[in-house]
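Naming follows writing order (A, B, C and D), and every chain is counted from residue 1.
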Amino acid sequence: MSEINDATMTVAALKAQVQAFARARDWEQFHAPKNLSMALAAEAGELMEHFLWSTPAESHAAAQLPAKRAEIAAELADIVIYAIEFANITQLDLASAITTKLAANEKKYPVEKARGNSAKYTEL
Amino acid sequence: MSEINDATMTVAALKAQVQAFARARDWEQFHAPKNLSMALAAEAGELMEHFLWSTPAESHAAAQLPAKRAEIAAELADIVIYAIEFANITQLDLASAITTKLAANEKKYPVEKARGNSAKYTEL
Amino acid sequence: MSEINDATMTVAALKAQVQAFARARDWEQFHAPKNLSMALAAEAGELMEHFLWSTPAESHAAAQLPAKRAEIAAELADIVIYAIEFANITQLDLASAITTKLAANEKKYPVEKARGNSAKYTEL
Amino acid sequence: MSEINDATMTVAALKAQVQAFARARDWEQFHAPKNLSMALAAEAGELMEHFLWSTPAESHAAAQLPAKRAEIAAELADIVIYAIEFANITQLDLASAITTKLAANEKKYPVEKARGNSAKYTEL
């Protein structure tokens, strides 16, 4: 079997892994979109907890600390697992949704206006 | 070019797309892990807003409404785009992180104990 | 000293309590609005964790369970403590902000249109 | 009538205001603890959106900008309104919960150990 990493795994393969986990436990009954959106937001809160009192610059360093790195990776994984399960339950294609959203953002944030500027598109 | 969907897209291809978008705008300077974790959590809040007052059962139906579906897909895409960019900036491999996390969850939630049970592992 | 409860405590008294706690620890240096908004959102995530997989009806019962009640009260307190400290640091008057917001909501959600209806004002 | 501000308003008076608003619209039926925790977290996300790309230092300045200040006050009010309504619906006394939580935090974060230190109590 080939190594598991971002270069080899398709989104569909990740979706199948997450779905198999949920189905083996008969957990799809709990996975209403409402509930999954809450779980996802709660996990996003846990990721933030690693960076509450640091500056943005310090947060770059924190994410590289060996002692923190595995925890941060696990929090990020929790978020993406719930996002994937949300897509499973609602039959959404994530790659299409992301491509569509990036295309919309291209229009909201044209390169010449947005370069080096963090302002919201409504303020550009 | 082959169609863009979850079956054809690897995680690495999505990461490259998101990175190109950020770099074209010179936005990586704003993408500290702290800031990306906030943006991700804020987008998770926007996804929840679609389901605040519905029951879990009603949220299944809401996610299938044509009028809502594109908006929900866009919110989910925003979340995953920030998760991907977080992985880009911190050099984390998402597929490995997810596989590692699912393996840890296998131990926390053995099938025979967790089946049909939504209790947290600390209460199983 | 009179009993401490919602009938006797003013918002200003709560603000003073929270400010004294932060100042005794020289913590105001960490309490930038950005950081406090993250801490508040992270605590909101912890409150949600008590209700992820329950229905709305079940969540009413959960909030009355003696075993859960103290934990839920503590999570709610964390949220309000950060909200109060946010008001302290930014010199906002909470009672005025709430009264102003409820007045704005009166216009967005007139009783005759909003009664028994959970739709957002943009859909009323 | 005396002026409405933090010095004159008790928590109980705020609770009564929020309860009257909800009852006039027959909205308590939607205000399950689960739903209110989601609404609160979603509003916390909206508060964060004002500070996503700024540094902590810049966020102090942003909170003082006349153009931003009213919006930030409104977001903070939304959060506290949902926290108050959560307390209304679950019959929790907020002032007691806050006082109890601050007392617990006194033990977790003794002044001599915590002074000038943002580390979590588990790391002190």
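Here, contacts are C-beta pairs under 8 Å (C-beta built on N, C-alpha and C of every residue); 3 or more make two chains touch, one makes a residue touch a chain.
Fair warning: this is a prediction, and the values are worked out from it, not measured in the lab.
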Equivalent interface positions on subunit A and subunit C, same or different at half: same
Interface with more contacting C-beta pairs, comparing B-C to B-D: B-D
Cα-centroid distance, subunit B relative to subunit D, in whole angstrom: 27
Set of subunit D residues in contact with two or more other chains: 30, 34-35, 37-38, 41-42, 44-45, 48, 51-53, 55-56, 118
Of all residues in subunit B, those that touch subunit A in their complex: 4-12, 14-15, 17-18, 21, 24-27, 29-30, 32-35, 37-38, 40-41, 44-45, 47-48, 50-51, 54-60, 62-64, 69, 72-74, 76-81, 83-84, 86-87, 89-90, 92-102, 104-106, 109, 111, 114-118
Subunit D - residues contacting subunit B, complex: 30, 35, 38-39, 41-46, 48-49, 51-53
Subunit C partner contacts - residues on subunit B that touch it in the complex: 34, 37-38, 41-42, 45, 52-53, 55-56, 118
